[in-house]
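Structure, as structure tokens:
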Amino acid sequence: MMMRISDLKTHFPTPDGIVRAVDTIDLSIRDTETFGLIGETGCGKTVLGLTIMRLLHPATTVEGEIIYKGQNLLEASEAEMRTIRGREIAIILQNPTTSLNPVMKVGEQIAEAIRLHQGLNKKDAAAKAVEMLDAVRIPSPSQRANEYPHEFSGGMKQRVMIAMGLACNPSFIIADEPTKGLDVTIKAQIVELMREMTERKAMLLITHDLSVARELCDRIALMYAGELVEYAPLKGIFESPLHPYTRGFLGSLPERGLVPIPGMSPSLIDFPDGCRFHPRCEHATEVCRREHPELVEFNAGHFVRCHHARS
Amino acid sequence: MTGVTVKDVLGSLGLGILVILVAVSIFAPQIAPYDPHDTYKPMEHPSSEHLLGTNDVGNDILSEVIYGTRVSLFIAFTVSITAIVIGTALGLIAGYSGGVLGFLIMRIVDIFLTIPRLVLIIVIAAFMPRSIWTIIVVFIIFGWVMTARIVRSEVLTLRSQYYVESARMLGGSDLYILWRHILPNVIPLVVVQFIMEASHVIIAEAGLSFLGLGDPVARSWGTTFHYAFECPNIITSDVWMWWMLPPGLCIVATVLGFTFVGYALEERLNPKLKTVVGMGV
Amino acid sequence: MKKQKTVITLVFAALICSAACMAFSVTALAEEDNVAATDGDRIVRSVGGEVGTSDWRYPAPFTFYPRGPGYVRMSMLFDTLTWKDANGVVPALANGWRVSDDGKTWTFYLNKDARWHDGEQFTADDVKFTFDYMKDYEGEFTWFEAIDYVDNVEIVDDYTVIVSLNEPMASFLVDIAGNMPILPEHIWSSVSDPTKFTGDDAVIGTGPMKLVEYNSAEGFYHYEANYDYYNGKLIVDEFITMGVSNAAASLKNGDVDEATFWGSAVDAVNEFVDDDDFEIITGPSFWVLQIIFNCDADKGYPTNNVTFRRAIAYGIDREEIVEQKLHGGGVAANTGILHPDAIWYNPDCEGYAYNVAEANAILDSLGFTEKVDGIRQYPSGAERSGDLKFVLYTTGKYLREGELIQAQLEKIGIKIELTPSDWTTIDSYLRDAEFDMVISGHGGIANPQIMRIPDWPASTYQSEEYTSTFAEQEVTLDFDDRKELVNQLQEMVAEDLPVYTLYHPYIWCVYNPDVLDTWFYTRDGICIGIPIELNKLIFLARYGDANENGKINMQDVTVIERMIMELDEPTDMADANKDETINMLDVTCVELTILGRAPIRCE
Amino acid sequence: MHYISKLTYYLVIILIILSINFFLPRAMPGDPLAYVLGENPDMPTRMTEEEREMRLAEYGLDKPLLEQYLNYMVGLSRGDLGCSIYYNTPVMDEILVRLKWTLLLTGTSTVIYMLLGIFLGAESAWARGKKKDTGSLITILTVSSFPTFFLGTLLAIFFAANLDLFPLGGARIIGASYANPFEKALDILHHLVLPAATLIIAHIGGTYLLMRNSMLSVLGADYILSARAKGLSERYIMNRHAIKNALLPVVTMAALTVQFMIIGTIFVEKVFAYPGVGNLLYDSVLRRDYPLLQGIFLFIAISVVIANFIADMTYLWLDPRVRDE
């Protein structure tokens, strides 16, 4: 087991109230497996990634456990975390355009992590950075390493982000929306690259794109309003989805007719009583409005949070 | 964590200062113990009769400073209100209509911003008759520039936003769109700008008066300070404590009041600065 | 630790940058010359007459700023034929002089020891050259106006010149001989644009000081002693006048050794009264503040009526103004303009003591009886109507006096609209007689010549009697006769009130006696009446006991003392002046004369 | 292209400033000749019409306005700013004599207040919401509310008049003889402390606030998160990632603050009787010395334009995105 997350709650204060971005999540990720975390924008999935990395604002309260290789990350000191970030666990942030420092050369941005974690000198780290750029198939990497981010196209920047994440050979990777905003061809290339690069690593793939998840993931979890509503192996989700939300999500795939889920995802400050999905659920009954359903194992390895789960 | 924040404390403190000062200037005749033009024995030290002593011609300094509040605030408010109105109007025109007019306005703005403002004001003030109206007019001439620039850029942003577009599609007149859609969005910025302008004028007027270019009859704080500074034994004796310090501190308090209010408002209005909590969400 | 490192780096960077700035400036500044003073040199630092403005332009004869402090800075370098000390006219480049009975021919016997700073000998040629040059460039020498009186200068021998005047000039010895700086012919004969001539050569004179450096930026004049000075031994090695931001504070912390204070600065002077480190001398400023009335027959109603002006004079409490504005640092002025400390002063001028009843009575008698809200109204049918209201112009400087007058005149029912303006504007109103009253001040009131136009810079006062009396005194050489005429002039002004004088401020010199203790005030002001204490004679050892070496037989001194005191016979050969009835300075002068150091004073 | 359009823009601005500079004083009331002789001469003198005309001709004030304008422009192209009426010397000479002092004062102060402001602003933003941040914010807002002349006077009263730690005014001991250049530098530095401290305290607020705000928005940027995700230390991130980005608006503002600095100099130089250009401006205002006033104004305005130009260039250097446009 690479990582076990139990009873995780991430809440942070804002002037409008407390945002419960992650509100009780349990999951575990095995060595070398790719775990997909799917949900709409604003369901809290990015926060989960940042919670694992402990990159949230100090005012955030985090409860529960994140056990990585036997160590509870939530109890690690900031100094320990710094040795884990980038070296053990890397995160490939969404939005490469804003996630790359505009006034720093690309090669340098990759090399600085290498210097830090692998103790290489400036020159060797720079060489390693060029290697990484080469590995993510950026043409003429030694020249590109001396360029600034604005000189790269969107797909290229995403490759840089991947190179940056993998530069120190981490054993666990969090990839947050790696294909967002890319056109179909580029997306396919990136997916291919991701698959190749993370073959023997554990990865948490955060995305709202089921097609990408289907390409890459071993298991998939669906997140809704801060909690997991269903998780199962790839096949289970795609062939026998149990939760109405999952079904709705699958229905929004292009080949299934692009039917959007009606309604809006709830604010993370003020959840509806009972099942958090019930205002948008066509099957909602009295019990759904009253009682918050528990996550139960419906089939072996297939968990669902629904009063009316059926196959 | 929706409790009292620093900006709230500073904001209310600033507001408090300003309210007191405005009250003092309105009720100056009631508050001041004497008419500032009445003369008593000159250069008296503070006593129960003259709490801050008397100046070189025997005016009660406390009364002079209290009446000075009127002059200083009058100049500050007159200038900043007028300058802001002009600046907002020109900014709206430049931003909304674009074209030759907008271009011209913005070039003028650029030039005005490049020319060292107070240096030119000093030069002009040196040649004009010394009266508060000269000062007011000269300050207005230079005061509208920054507002026009800020309003224009905000209008440009707003204009491209959908609701203005849709209002236009629905056939609203330009004036209606300006009035109904753009102006309300510009107001908060203008308020901050007003505050900054007012505090700038307070300092600049005091500076001009300090250099002896102010209105010698309407004694603002700067003028009182000027006379104190010219007093030959101001430094070598304790006289500065009751003659120089009070008008100086009044200037500081006013500027601080404006600064605090402006700071609190800006923090509230500028979402970028609002909070870094939950970055990445 | 890392944080500290950043701090240190930043501070270090700041230091380096400032060091670079410093280095730049210091290199630039190090190029300037410095006179290395040796230990024990006496260096005197003075504020030099006026605080606030420290620059009086380059101290060459045609470039100095034409006001007292400017002239004085030039006079350190250039001597005149005569000069003045605390008691009156003394010899300078001229040892002695003689005037013909018609008062039109002056013979000057020149000092044979005088040398120019560059070593050249001073001769009669230089004197003639200077008179001719001044006539040629009259317009350029803005300080000086009277050269027209001079007809020609004749060289008798190397050290004797005869100056012939077109008409007798009573004040010739002061206004021309004691005023015109004598120029070295060998330098100025080739100068055709004197106002642009500012090199080192332009400051070569015969004076007791040589110019080391003038710096317009820092506003200082740095002089060094001319040890070869012909007129006495120098007791000061270097002299500096400089600008400071606050004279009293600079005195206290030793930045300067001497400073001048005027009028209301009495408060600052009082700070030094109990301070043993400083001494104070008080002098007359020869300066007067006055109200100028519009006396113009056409435009001046009602101030062109002398009775009306008297009412205003009675309605103004000058003592209050002296008290309020000057804090006692002055006196209510002589209504006849000339300063009470001047030899020409007429003590019998009408004083117009503050008298509200008298003022009201006069105004009532003139028909200004009706009052609205306490303000008198013009009588019906007069040139003006409505409130008895006047515009009182002044610069910002005398605004406070204006406020006091405003309040005082309101008590007799006259409304004053106080209008501060700049001097240019006011002056244009004065020229055109488009004004009611103006507050304005001027100096030079030790010299009767100032009374040519009593309401200067306006000229609305017309009196033939006055004009002819003035012209008569100009050519009257006999002191007593002239004084009588000047007295009449003063009485006329006091009677007719073209101006109503308000006050004469005092002037003080506060100095550190350990550095220099020879400061004095000049009789009727330096030159034509400059009140400040920067008389170049302070640098000379003239006024100690000249006979300290005992070279003179004390009996000789006593004889002369007895002669001065008009005692009968020289029987008692003890010190005749033991009661100090005679001014010791006179005694010293006598001693010097006997020693042949400072020559005979003959008038 | 970018450089050329910028350069043209600044040249046009300079041309406009030159014209304003020429026409402005002439549009004002007041007769410069009246000020040649001052307000209270010890002996009254008033020029006759001929003398007046002679003087007017001497300074070229009698010619038609257009001719004066052309002469002015031609003169400027030769670096001739005219002759000061008061000093009767070339304006440029008078400015240059004082320039070194002003440069020393403003240069030293600018460097220190910029660095200090940037440093404190960055520190403050990094500690946002903590006591350190709030404390420095309130302190700096408060001291920035002091008008320069008030602050300078207070410093003079405390540190010069009462404690006698520093001189009351001036730029050096006049007439002093120094054993070596170091002693002289020390003397100059000693005189510099109070005026420079006044300018630094009065001006630090702007830079501090701007840096703090800029830093705060930078700290919310994704690339900072990205850097932290690499395991980099906070200090490293601040120095290598945040500051350079946060500096961009500060640099732009730096040019605009040059004029505030110059304005502050006028007051500081008056309070401390410092022999710089600011004092000269003040004196020439009092003396109504047109050519000198014009010269100084022109000089200051052009310095500000040049500062703007330098800021633009620095911006290009700092921000690769703009550089490639």
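Order of writing sets the chain letters: A, B, C and D. Residues in each chain are counted from 1.
We adopt the following convention: a contact is a pair of C-beta atoms (placed from the backbone, for glycine too) under 8 Å apart; a residue touches a chain by one contact, two chains touch by 3 or more.
None of the values given here were measured: they were computed from a predicted structure.
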| item | value |
| --- | --- |
| Longest centre-to-centre distance from subunit D, chain (CA-based) | A |
| Contact-richer chain pair (by C-beta pairs counted) among B-D and B-C | B-D |
| Euclidean distance of C-alpha centroids - subunit B vs subunit D, Å | 22 |
| Separation of subunit B from subunit C, taking each centre as the mean of its C-alpha atoms, in whole Å | 46 |
| Rounded Å distance, subunit C centre to subunit D centre (Cα mean) | 39 |
| Whole-Å gap separating subunit A and subunit D, where each centre is the average of the chain's CA atoms | 53 |
| Interface hub residues of subunit C, defined as touching at least two other chains | 246, 249, 252, 422, 425 |
| Numbers and ranges of subunit A residues touching at least 2 other chains | 50, 55, 93 |
| Residues of subunit B touching at least two other chains | 129, 212, 235-236, 276, 279-280 |
| Parts of subunit D lying in touch with subunit A, wherever the complex brings them together | 221-223, 225-233, 236, 240-241, 244-245, 318-321, 324 |
| In the complex with subunit C, residue positions of subunit B that touch it | 37, 39, 42-43, 56-58, 129-130, 212, 216-217, 231-237, 239 |
| Interface residues, subunit D side, partner subunit B - complex | 13, 16-17, 20, 24-25, 28-30, 128-129, 134, 137-138, 141-142, 144-150, 153-154, 156-157, 161, 168, 213, 216-217, 219-220, 222, 225, 256, 259, 262-263, 266-267, 270, 281-282, 285-286, 288, 293, 297, 300-301, 304-305, 308 |
| Parts of subunit B lying in touch with subunit D, wherever the complex brings them together | 6, 10, 110-111, 113-120, 122-124, 126-129, 199, 203, 206-207, 210-213, 225, 229, 235-236, 240, 244, 248, 251-253, 255-256, 259-260, 263, 272-273, 276, 279-280 |
| Complex interface listing, subunit C residues touching subunit B | 51, 246-249, 252, 261, 264-265, 267-268, 270-271, 323-325, 327, 396, 399-400, 403-404, 407, 418, 420-422, 425 |
